[in-house]
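Note sheet for the following structure.
Going by the order they are written in, the chains are A, B and C; count residues from 1 in each one.
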Amino acid sequence: MTAAGAGNFFEDFRAGQTLHHAPPRTLTGGDQALYTALYGARFATQSSVEFARGLGFPSMPIDDLLVFHTVFGKTVPEVSLNAIANLGYADCRFVAPVYAGDTLSARTEVLGSRENANRESGIVYVRSTGFNQRGEEVLTFARWVMVRKRSKDAAVPSAIVPELPRAIGADALRLPAKTALNRAELRQTGGKRFFDDYAKGDRLDHADGTTVEEAEHMMATRLYHNTARVHFNAHTERLGRFGKRIVYGGHVISIARALSYNGLENALFVAGINAGRHVAPCFAGDTVYAWSEIVDKAPAATHADWGFLRLRTVAAKDRACADFPDKAGDTYDPAVILDLDYWVAVPRG
Amino acid sequence: MTAAGAGNFFEDFRAGQTLHHAPPRTLTGGDQALYTALYGARFATQSSVEFARGLGFPSMPIDDLLVFHTVFGKTVPEVSLNAIANLGYADCRFVAPVYAGDTLSARTEVLGSRENANRESGIVYVRSTGFNQRGEEVLTFARWVMVRKRSKDAAVPSAIVPELPRAIGADALRLPAKTALNRAELRQTGGKRFFDDYAKGDRLDHADGTTVEEAEHMMATRLYHNTARVHFNAHTERLGRFGKRIVYGGHVISIARALSYNGLENALFVAGINAGRHVAPCFAGDTVYAWSEIVDKAPAATHADWGFLRLRTVAAKDRACADFPDKAGDTYDPAVILDLDYWVAVPRG
Amino acid sequence: MTAAGAGNFFEDFRAGQTLHHAPPRTLTGGDQALYTALYGARFATQSSVEFARGLGFPSMPIDDLLVFHTVFGKTVPEVSLNAIANLGYADCRFVAPVYAGDTLSARTEVLGSRENANRESGIVYVRSTGFNQRGEEVLTFARWVMVRKRSKDAAVPSAIVPELPRAIGADALRLPAKTALNRAELRQTGGKRFFDDYAKGDRLDHADGTTVEEAEHMMATRLYHNTARVHFNAHTERLGRFGKRIVYGGHVISIARALSYNGLENALFVAGINAGRHVAPCFAGDTVYAWSEIVDKAPAATHADWGFLRLRTVAAKDRACADFPDKAGDTYDPAVILDLDYWVAVPRG
């Protein structure tokens, strides 16, 4: 492993290695307030402590994606500081809720790696896990990243490409302890459609668009302790691939999730992410829109009052989504920037 | 009422209807910190928990205008998503203080409506009320809004235009329970002028100016869960009335209130808003200045140590206010953007 | 002293005067969250409540520089509202930690003053001190400022130039009560170098650069209740010395401290500031880099597990610091904007 601040290069990774990330990060109500100001998310679970208690949480849980970004951010210095691209996610499960005052730490296991034919870079596969201050797992996810080599001639390990699930089974998704929901309370979510009102194949245009500002995506990315240089440094990025700072892909995920409230008001929390692809980069000045498709649905085995919807949420830039810009084969509509496949928990109304 | 996300149109409103807004919103110290960072308000009541306790509050109250914006924001999806203009406010009373941890919900009664002669839009009159988690009223206000019709031919109800008070009587304004104030503590406010030092007709230039940024007004407006599209979407607003995003009018109110600290340091809280007019739109890049006039004053009937000043605060853009830019008859100085008539509570020194 | 909002001019200051600043300011976890979002500081002490407790703090202390900026901001209306330049700092000692919920107040003693030869301005020397709600001193620092005269002909006091220490002795620096540190916990800081791993004369490039945005520096400066006009008003600054808003010098100090985590991960808190010079102004759009030199080191007399490093951290704009841009005699590299001389506390590993 290389010096602090320089990050690891492709030849530094070995399957089986454990990387410890630092420092731990205590999330507070202040972090949640910033998250609200940055994205405008309106899902009732993260908006009202009274509503959250009604669902069976002891207090208002921190937004699932704020937890994801915090754990992800922790992993950047050791995993992706020298990354060329963040290629994909798999098997991301939100195992336990996180509350204001909880302290998250993270570690990563290297699952495998494979050098590229040009010998200048390679793909590294890792699983990162976040823990609270009691050592309980709160989040786990796999991702794969294209990482530069320090030296083209460096020796590299034999290729190991791990098998990763294409989707999480609904039975592996978490729910709050309480099973019976209060109908009166459910009228406070702002949505009238519940689990049974959605059908596989339904498509929803989330209607609103929001324009990204440099100050916003940088404040968000710093909040997550994510230090990837391409997000912060206009001076060097002027000479980079795009001539300007690139928005952290997770920022776009959070924008899309916030937009999805229009039509998915009862998607009360994110239960897992099956796969995600940052199809194209996002820059300050872009206006992000989103639409979703119901890919699958599964009643919760253990909770009669809950079900899971598997969604594909597609975000596009500078293009409204009323006609659902998509892909044909492997070719995406040029406006598409994100294609996210994930599970949300929705009450049965 | 129409589908979630699409908002109501003029023909959807009927006098007597009650609209329930969602989701509830728990305000925290994090929201208050953001409010401070966005406006730089320095009134001692919302700056020091020790000072607030000295006034008789159990802890530091959330800024009155943050409460107003939160309740207002809640009402947007059902009241003003399809508004052409927010025409006015009346009888806005801050009934009970709100503290960090309180959860606000809101509902709106439709008071009346009147179609415009062109039959493409009309004016809707509503009263919105905010409640805390115990169901206690914290804020109530009337407003009227010009709203588009979905269809020019739609049937509309007969015109009903409610009578609204032009000003709140001082005896309807709230004060903290404690009546005797501590002179030593009052020296901590930063101001030397108290209730008895102001005279009707006094004019005060608030001196400072502050330039509005896109990231700031959007973060503020999202913090308030206000989803009105014109504030967020540069892509569509490029083709809109002004060619760019419009700043939420409440953002200008909060800037003007923060600027008014210079000269009104002891205006320790806002007790009520009699009327308000957004004379012209504000855009990112504009620099906002403000001045105030003492329109009326009333010692508090129940609290010997307090009085109320009725203020008219006028905000202007890209123009210093040392010479009090104003209106002549119905014609405003072209720099004026806000004309706000409200009551503040001021100790008798 | 002049009217509220107008500030003091050179001829208003007299050695021996005490200036009381207002209003007090309660710092919360929300303020700390904003500080994190604005700078991305990752030092473990201000990131994890569990880690802070392990060091012997009862809870997570507010970032030292947030305390500094808050006390500094309080002093602006009475000390530097009419300043032409903030010339220097001396003998800044962090006397006691500050925690979320503490309320800071500030007062300033005028140490002396000296009129400039042109009789249009002069230098004022002050010592400002911050107190918590129990009246305990938390921070003290001297600074000197060039302040305009209201009138060239005004009478001024005889020149008094105070003696100020060029550096704080290491024995005057504070440490947490606990003396024995936990080795396992120290692995969570993200750094492998401890006190004994640094040598006098070592130079460290902090590698990253971060671009400053108008919305960010204004939100920061308002968070500190700092009202100096040059930071906020594009309308008047268009006609000012630089044609644009100037970034608060303390914002650059906080950026440099956050960047210094790369290489100084175990500099767990700032113990004192010996001297600081804002060599050149910073503007939105500038990208800030930094490097540090170990100027001195001193094991703590009272705590076997701690030592103090005296650092010189130099920040530059739009120029990477791999080759340590510096000064030759009194002439700085044109990219340098900050030269800060301060003590940090570092565990002995």
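Following the convention adopted for this analysis, a contact is a pair of C-beta atoms (placed from the backbone, for glycine too) under 8 Å apart; a residue touches a chain by one contact, two chains touch by 3 or more.
The structure presented is a predicted model; accordingly, all values stated were derived computationally and were not measured.
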Partner chains shared by subunit B and subunit C (touch criterion as defined above): A
Interface residue identity across copies subunit A, subunit B - same or different by half: different
Separation of mean Cα positions, subunit B and subunit A [Å, integer]: 36
Per-residue multi-chain contacts in subunit C, two or more chains: 28-31, 33-34, 213-216
Subunit A to subunit B touching residues, read off their complex: 28-34, 36-40, 42-44, 47-51, 60, 187-193, 206-211, 213-216, 262-263, 265, 285, 287, 318, 320
Residues of subunit B touching subunit A in the complex: 4-6, 20-26, 28-31, 33-34, 77, 101, 103, 105, 133, 213-216, 218-223, 225, 227, 229, 232-236, 245
